[in-house]
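Shared chain: chain A. Partners: chain B in the first complex, chain C in the second.
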Partner chain A sequence: MAKMLLVDYEKCTGCRLCELVCSVKHTGASNPSRANVHVVKWEDEGFYLPMLCQHCLEAPCRSVCPTDAIYRDEELNRIMVDYDLCIGCKACVAACPFGAMGFDEAEKRVIKCDVCDGDPLCVRFCDMKAIDYVEATTSHFDKMRDASRNFAELMAKAHGQ
Partner chain B sequence: MALNRKVAYINLSTGEIRKEDIPIEWRKKFIGGRGLDAYLLYKNNPSGIDAFDPENRVLISAGIAVGTLASASARTHIMSKSPLTNFLGSANMGGWFAPELRWAGFDHLVIWGKAPQPVYLWIHNGEIDIRDAKDIWGENLYDMQTLLRQELEDNEIQTLCIGPAGENLVRFANVMTGRKNAGGRTGMGAVLGSKNLKAVACRGTMDIKIKYPEEALKYNEELINQVISTKVSQTMQRWGTMFIYGTTNSTGLIRTRNFQLNQLVGGSNIECENLDKVSIGLDGCFGCQVHCRHRYIIKDGPYAGTYAQGPEYTSQGAFGTEVGCNNLNTILVGNHLVNSCGLDTLETGSMMAWAMELYENGILTDKDTDGLKLEWGNDEAVLELIKKIATREGIGDILAEGPLRAAKKIGKGSEKYLVHVKGMSNLHSDERPTPSLALGIATGSRGSDHLRSRPAIDLYNLPLPVLEKVYRQPDGYDGPLTSGYNEYEGKPRIVMWQELCYMAVDCTGMCKYHTVFLSPNHPNFPEFAKMIYYNTGLEFTPKEIWDIANRCYTIERLFNIREGLTRKDDWLADRYFDEPTKLGLPVAYNKSIDRKKFKAMIDEYYGLHKWDNNGVPTPELLKELDIAEFYPEGDREKGEGK
Partner chain C sequence: MDFGSFAEGPLLWIVFSVFIIGILARVVFFFSLILKSSKNTHLRWRHILATFGRSLLPFHSAITKRPLYAALRYVFHICLIVVPIWLSGHITLWEESRFGWNWHALPDALADWMTLLLLLLAAYFLTRRIVVAEVRRISANSDYFLIVLTALPFLTGYLLTHGNLDAIAFLADNMRTIHVLSGEAMLIAAVLLFYRTQLNVEKCTGCAACELGCPTGTLESRDGGGLRVFTYSHYQCICCGACVALCPEQAAELRHEIGLERFLQTVPKQEIRSVELALCESCGAIVAPVPQVEKVRQVITDDFIRFCPKCKKRHSAEGFHQLAPWAKKLKKQISHQ
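Right, the complex of A and B next:
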């Protein structure tokens, strides 16, 4: 079954280790500006949200690409860039609604999440699992269970337990 | 790579800025961070000057592993001559400033002079500009960071800054970054204030090349597992540092009512579990999995709705136990106030507790306090007094001078109520039952402090084999060690070991929660060696790192001696010897420090350090450490950052 990256903002502590390991893995350097994930912080409110490619089914980056360099890899359920076809026009950078398509000045090419070929380091290093890599078709069951917990407690009370 | 960051020499009087490479010899001798700061301060600071003299240097640095795949490599170090103690000033903070400084191209800033009007530094991708700070001068620490991001039109900027307390030259003003990361101790914020330097803003997108990326990633995972597999880290991940109180208060190891009691009786309201009522989640510094503090919203009183971070164990003592307040909201608000004003939470709490004891004894009266009833547990008075200190209003103006100067102003025997070493107040810990901890605060190079040399694991009464595994290495110590924390024997070694371990950590820029501070199983010298190698390619043996730490610590000692430190400054307040503890479990009850045994401890400690009987490093030691030219009476390079 195909997996997906799932972000839970309530778990994120804002440490940005995901950015660090992502940039080292993909560039050999510590440099968040070259990472494919970024923790957006609303520091006056204390709200942190890791932002990264959603690997959309109807991916705007793919739609706008004039050379069909962006394609879907069904096996890993991910959107990838074929750099042999990419002309570096950055239309995808403009089109992505999440800001998840970046441009790497050093390599002179667009960059995005490739789920580390199935073992995403951002997930491996996040012990809070604010970013998790889960089965796409069943990932919502955990959320359902959490959301239904209140009802379960109420029912237990109603039954005098 | 990680070694190509620069040092910048910045003269605020003339606006002159010089950028230089950091010689590889410095890396080999001092590694970086606090160690290299100590060298640069010793070399460049004219001796005997006032801390507020424009010639006083301020060093701001990121350690050699900051921003790399070291565990929690987030720490900024700041060093100068302290306006609080007149000795070494040194403070350390987490957050994101230090990594950003490195991504912007710099490891060390050497700042001196005085700007003609308020300025801030803007450091971005190898460039440094001095900019007008008139629009942020006077602003609190939260708002000014937001304002700077707006002014420079970049939300990713990280800022080291001072608050109103630093501007007002409160002698224990801190420097901060973010909502709560504070370089709190020794008044570094006041030194920046005296230079009209409100902030250092950083933004960088430059690579820190990792020498062996694959190995470094793998080793980082190992390090993280080593740290978060311990129970103490897991507890901290859930509750933050306030969890410590549960043990220390129930044992009787906490200063209450200044120094009168060693337990806050009925103090369950301020147990860490209460934080769940206000917490909206935890917060981690750069690259850290321990995330030791909460993000919280104040729920009650005039500050309801305010978002802040923390509070740490220190604030729990400062606005809880020391001042006799058993009210979580007072701690939450007090913590918010010191952070937004830029005050050292620990010194602020201690000064207030001292003032309250003076009030209780009639040395301070309503006339002195403008009617403020400084009674134990008076929550409103505590919060009011914080503001008065930050703004130097009324009694606050006197307390803002720090322990010794304030005692001199007040007179009337007030000095004997102080709980300080070298003019800096202690944490709210009570060291009377624990000679090793007492030795640590008496001898620490920045005055009374728990993060300079505290052998905190001594409090666990660990089995001897565990202690031996930690404390016999890496130099093969074969002297005594003891496991009971009431003991005097064998403790000087563990204080010295922790001293050098913390120095090594501060050279790398890692956090002390990731070394042997609260767990014997956390990384130390062997792990530092591997981590430095994988990330930078520099090869050190564990023993070489020990020697480097010893070199750097010795330079700090030499700095203090040059500024007039003598053996009598390595000593505790009389109360430690004369007033036995009144509460607690048998291990903590009716304890005081034995003068004679304590003196013998100091002798042994000096001996281990190869310092002479007066605490002065011997010429032989300096030769051994390859810093013979630093002998106090010897020739010393002077001048502007040569």
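Right, the complex of A and C next:
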């Protein structure tokens, strides 16, 4: 069974350790701006939300990629970038609605979450398990679907449609 | 001494020495450029050499874009180099010269066919350049001139060996001189032959993938003042075709260009394209060039492309933030205080 990253904002303490370990794992440098996960904070309310790639089923980054460098890895249930095909046009960066696609200025290439090939470091270092790597069971999918439905409604309201 | 024997004698030797010295100078320029670039972090001489070598092979990636045209171009250049060097008539001349050099010649029939093929292809390239509106728009006078100049020695050479042009007395008498002179002009042009990348304004989205792929840093882009400006440092271009191969819109085109200034490396950086940039609606950071945003909008349905990645995170997190029941409660409390 495929696994997926599950975020629980109620557990997140906003320590941003996930950002640090992610950048160390992927770039060798401890630099949160080069990480694939970012914690968005509302400090006065204590609301912290780690934002990372949703590995969408119908991924906008994948549909705009002109060279089909972005593909779905069914085995690990993730969206991946094939750097041999990627030309660095950054269309995916513009397309991703979650801002999960980044561009690493140092390495001159796009970066995104790759679930660390099945052993996500952010999960290992998150003591609260605000980010968890769980079996993609129906109940989790239902939760995600509910959230996205609410989210879509909210966005429609926000844009006055 | 009349002009004909001057063109075949001393002038020919001058042209040969200019050609050899010029080509050697360009090789030196090329390697000095590579050494200079290798100090830069992301341009490495190994990468430059590899890209250059790949571009000489017939199966490099630019070809997959327009396979037929690329194949024709490749055949054209093979004929262009092989026929003059291995033509039996030319070899005889070398044998008679003071060097007494000699090498195996191509069979005459094969040389004839290759010449005809080259002339046919030259005619095709010329017609294509005139007829196809898209190509005509980006052609300069020198583009037409270059094709004619390249074909002329082959045409006159073919007529010399086969032609029966006694009717036109002037042509028949001076064919040999025209042949030698045009050949000399072609050799000089070869030394001064450079390349230039053009970005088709109608197709280019300004994504700057070509800048990332350019192994010598010839193509550069700079963002500022709401514009992305592409500059081109002429003398650095090695005609590897990386920009053509990478461009997802097929907007990049490599063109031949003859210029003494480029040989002397006095041409400054030239601005070849500027694209308007779409800016983030909430923070003003750069999102993407406007044509690329429009292209992405055709595929995706949501409206988050108005924001930069950082603000997108904030805005989509805001959605979850408002969904959180306890946060809502807390917010109310805070606003009450």
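Observations on the structure shown:
Following the convention adopted for this analysis, the second predicted complex is superposed on the first by the 138 of 161 C-alpha atoms of A that agree within 3 Å, B and C clash if a C-alpha of one lies under 4 Å from a C-alpha of the other, contacts with A are read in each partner's own complex, and residues count from 1 in each chain.
By our rule, a contact is a pair of C-beta atoms (placed from the backbone, for glycine too) under 8 Å apart; a residue touches a chain by one contact, two chains touch by 3 or more.
The structure displayed is predicted, hence computed values, not measured ones.
Of the two partner chains, chain B is the only one that A:Val21 touches; chain C does not reach it.
By the touch criterion defined above, A:Glu45 lies against chain B and chain C together after alignment on the C-alpha atoms of chain A. When the two complexes are overlaid on their common chain A, residue A:Val64 makes contact with chain C while staying clear of chain B. Of the two partner chains placed by superposition, only chain C is touched by A:Ala94; chain B is not. Of the two partner chains placed around the shared chain by superposition, chain B is the only one that A:Thr13 touches, whereas chain C remains out of contact.
Comparing chain B with chain C, the partner in contact with more residues of chain A is C.
In the superposition on the C-alpha atoms of chain A, the part of chain A touched by chain B in one complex and by chain C in the other spans residues 10, 44-46. Contact residues of chain C toward chain A in the complex are 42, 205, 207-209, 212-213, 246, 248-249, 287-288, 292-293, 295-296, 299-300, 302-305, 307-314, 316-317, 319-324, 326-327, 330-331, 334. Put simply, chain B touches chain A in their complex at residues 2, 67-69, 96, 99, 103, 142, 145-146, 178-179, 205-210, 213, 216-217, 220-221, 224, 228, 280-289, 291, 295, 297, 307, 309.
By the touch criterion stated above, chain A contacts chain C in their complex at residues 9-10, 38, 40, 42, 44-47, 49, 51, 60, 63-64, 66-67, 87-91, 93-102, 108, 147, 150-151, 154-155, 158-159. Residues of chain A touching chain B in their complex: 10-17, 20-21, 24-25, 27-34, 43-46, 105-106, 121, 124-125, 127-128.
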